[in-house]
């Protein structure tokens, strides 16, 4: 593909050593969780510690799937996350476009607006959640997924806008100017010309939003009173150790189950990034 | 050679130019959805939270509270508050720098590997992401088990090999903070990596090709092509990582609970404790306002440092 | 191809989702009266533990069978106690609370304004059947506001093969544990980290010296006079345990009782301070040792004392039509001696009514359980004052500061007391 094929051994060696080190750093805790999830109670805290349990068992998974609402939680999470991502991109993209492509009264004004948007992100949900709850309760909107999705969108759009603007900035204006010269409206130039080029950026923003909302605990917990509507971030906590028994292995099993969908989706999405980036959109 | 500009047809033409406000050239129209969303779902609750910071409300007091500056006074006159600020600054500073640097490192590794079609880059990318997908509370629990000092944990193995039977990970103030930072870097590196990796991908490969043909080494390419393009993303990265780390409490909670003593109690965790364990909403809101102010100051500092040059933000 | 896989996954999930819809409304869906119950997952028909789940499910189903005009709607609160109680309070504050709920005994004072008195449904005899500490929390100004339905005690456990007679005083404990540590065991472990256990397990040591956390008006006094000395003694003892080698440094990591399980499972511990439910947990982890239970060692030999916790149930609705039904449901589920007896066997819950012991159930064949029951006689609950959570947090900080040597006992305690007084509103 590129002349970088012509390579000496050293960079490749370095790269691979880097891979190994990084992989180890990330694999160890992950493998530990997986290991915990397959252990019978007796081996849970075995000493000396071993990675592979002596008598691995599916017990934790069976219990978790049969006796809890985990599949419901996962489904709820999927629903909340996908709709939130969609909604966020729909709101953030035009805003990011405007902030990138329009000339503002002064650079300062733009900076102020950008900062203002970001400041919104600063107040921790810890404190806004109680007023939010009361606010929606008086409107009778508690216990609906729609409200949670809207709150998620509101929480994530500032970040998404910021990042998307950054990505749009890296695309030369020549591109959409050319389109508009050819008679396209702004909207058309955004959707038909910029969007394809921005795909890697949009995908990363989507991943960001997904991760942020997937494990979210406080917001759905307070806004949804029905347990069956809760996402996995809330469901996981129900398995923390209580005075009713050790639940570490259940927690581990749930963590694995909770991460698996995200992993699968990412593998699906990975191709998209690779395919698109190599198409080299910026041509003269 | 220049083509004549054809008039763009839109509502503006339709309505004879009078309803300019609905023209697609009106920037405020583009920003409207964002503004509406933020106002309804964010500004109002934030306003309420700030209002509550001036009261002595508790989470069960309903409508029964009064206005007072007590919450602020209590917070700012406590000697531990400043120790907590210091802990938070160390935590955030080290975490953010660590995350951004590692993120850059891994992004580069993955990108370079991808460019050379080295198999395995996708796996590394995926692995790093898994660390990020796990909910914070779960990570806290996992790291706590990993750092179990009684020997049943993975981390104890290398220490055991050196004959140290009772390693100290979380039971002393300094190591505890160090490990909390490490766990946080582990968690947040993925975010930095994704951002920077995507930015690297938007650099036209031709630039790299041309540079290589000209005989540039990897390092030169990095310094002269990659790094400048990353500038904007780095700024965003720093700011976002800072904000998100400032608000992190979910991982620290199960890991150390803020201890030993208060040595790992960052401000966000303190807010959680105050609101959800001591049920004091007024004080929690007051501290949250202070935390946000700190965040604003930090963000402004980043801005100053990183955008006083030409291509900053416009 | 990818689309196919994705599509298949989505359909599978949808099907499974339909299959696994759990009923959380029991009874005839068209029944005119609905009773809403919010409870902890482990005390509900959807508990992870099958035996618990079938107990609660069975009782509710029996109830709706007997009363076809009522349906029962069960909602689960979170296992995360504090967040759960906060959420419940929020709901009550805006008038959207359930009809009745399971509340942490610790927080009952905050719920008082919302609780409906149930005096009409219980005889005086029944109320007196509850242990004194329970009654005190249940009856406020003559009104029966809530029911303490299960409880637990704190004590020490000792390895019978390593410890001949359990120590009764701190000095004895340090001596025995110190010697065992020298021989390579882990002599004595106790919770000393950031968590409620660190405070609650040591309250008996403090109370035994006559110490009081708050006075009758609810004002914190633990940092004054004799109370202050009492805490300094306790803190000094904890520091000595670590300094002398009787206890390892890592006790500073143990914020909750479950934090101690990995250490205990390692099999090296000789004596530990904890809660009565820990033994069955330890056994389930495969521990084969022979353990004995004993009262918490005090500064000097004297009357034993322990701290009790547990859950309560309270009614929030004032709908007069519903109350008799709720009363009956509560008795079936949790508040009657029969229910407590069954729960003792099923969930290992310590009952809060004296008459249960005489019912001869299998639960009391286990000598350990009898021992716990006896401890209830001198059990004391934490003060349910509004300022207690703050006191607890500050004491936790003090304890972990002392145990790690960051502060002296006196400094740590004074700092804690100052913090609490700054927060206190009369």
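The letters A, B and C name the chains in turn, as written, and every chain counts its residues from 1.
Following the convention adopted for this analysis, contacts are C-beta pairs under 8 Å (C-beta built on N, C-alpha and C of every residue); 3 or more make two chains touch, one makes a residue touch a chain.
All values reported here derive from a predicted model rather than from experimental measurement.
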Chain contact graph, described as a line, ring, star, complete graph or other shape: complete
Interface with more contacting C-beta pairs, comparing A-B to A-C: A-B
Whole-Å separation of chain centres (CA-atom averages), subunit A against subunit C: 37
Gap in Å, rounded to a whole number, between the CA centres of subunit B and subunit A: 13
For subunit B, residues that touch 2 or more chains besides their own: 59, 145, 148, 150-153, 275
Shared-contact residues (touching 2 or more other chains) in subunit A: 45-47, 130, 237, 240
Multi-partner residues of subunit C (each touching 2 or more other chains): 83, 90, 94, 262, 265-266
Of all residues in subunit B, those that touch subunit C in their complex: 56, 58-62, 74, 77-78, 80, 145, 148-153, 166, 168, 170-173, 256-263, 273, 275-280, 283
For the subunit C and subunit B complex, residues of the former touching the latter: 82-83, 86, 89-90, 92-94, 110, 193-195, 248-253, 255, 262-263, 265-266, 386, 389-390, 393, 396-397, 400-401, 403-404, 406-407, 415, 419, 422-423, 425
In the complex with subunit C, residue positions of subunit A that touch it: 41-47, 63-64, 67-69, 71-72, 74-75, 78, 130, 133-134, 137-138, 142, 221-222, 225-228, 234, 237-247, 250, 264, 268, 271
Touching residues (chain side subunit A, partner subunit B) in the complex: 1-7, 11-12, 15-16, 18-19, 22-23, 25-30, 32-33, 36, 45-49, 51, 90-92, 94-95, 97-99, 102, 104, 107, 110-111, 114-115, 117-132, 135, 150-151, 153-155, 157-159, 161-163, 166-167, 169-171, 180-183, 185-187, 197, 200-201, 203-204, 207-208, 211, 214-215, 217, 232-233, 236-237, 240, 248, 251-252, 255, 258-259, 262-263, 266-267, 270, 273-274, 277-278, 280, 282
Residue ranges of subunit B in contact with subunit A within the complex: 3, 5-6, 8-10, 24-25, 27, 30-31, 33-34, 37-38, 40-46, 48-49, 52, 59, 105-106, 109, 112-118, 120-138, 141-143, 145-146, 148, 150-154, 156-157, 160, 186, 190-191, 194-195, 197-199, 201-202, 204-206, 208-209, 212-213, 218, 229, 232-233, 236, 239-240, 243, 246-247, 249-250, 254, 268, 271-272, 275, 281, 284-285, 288, 291-292, 295-296, 299-300, 303, 307, 313-314
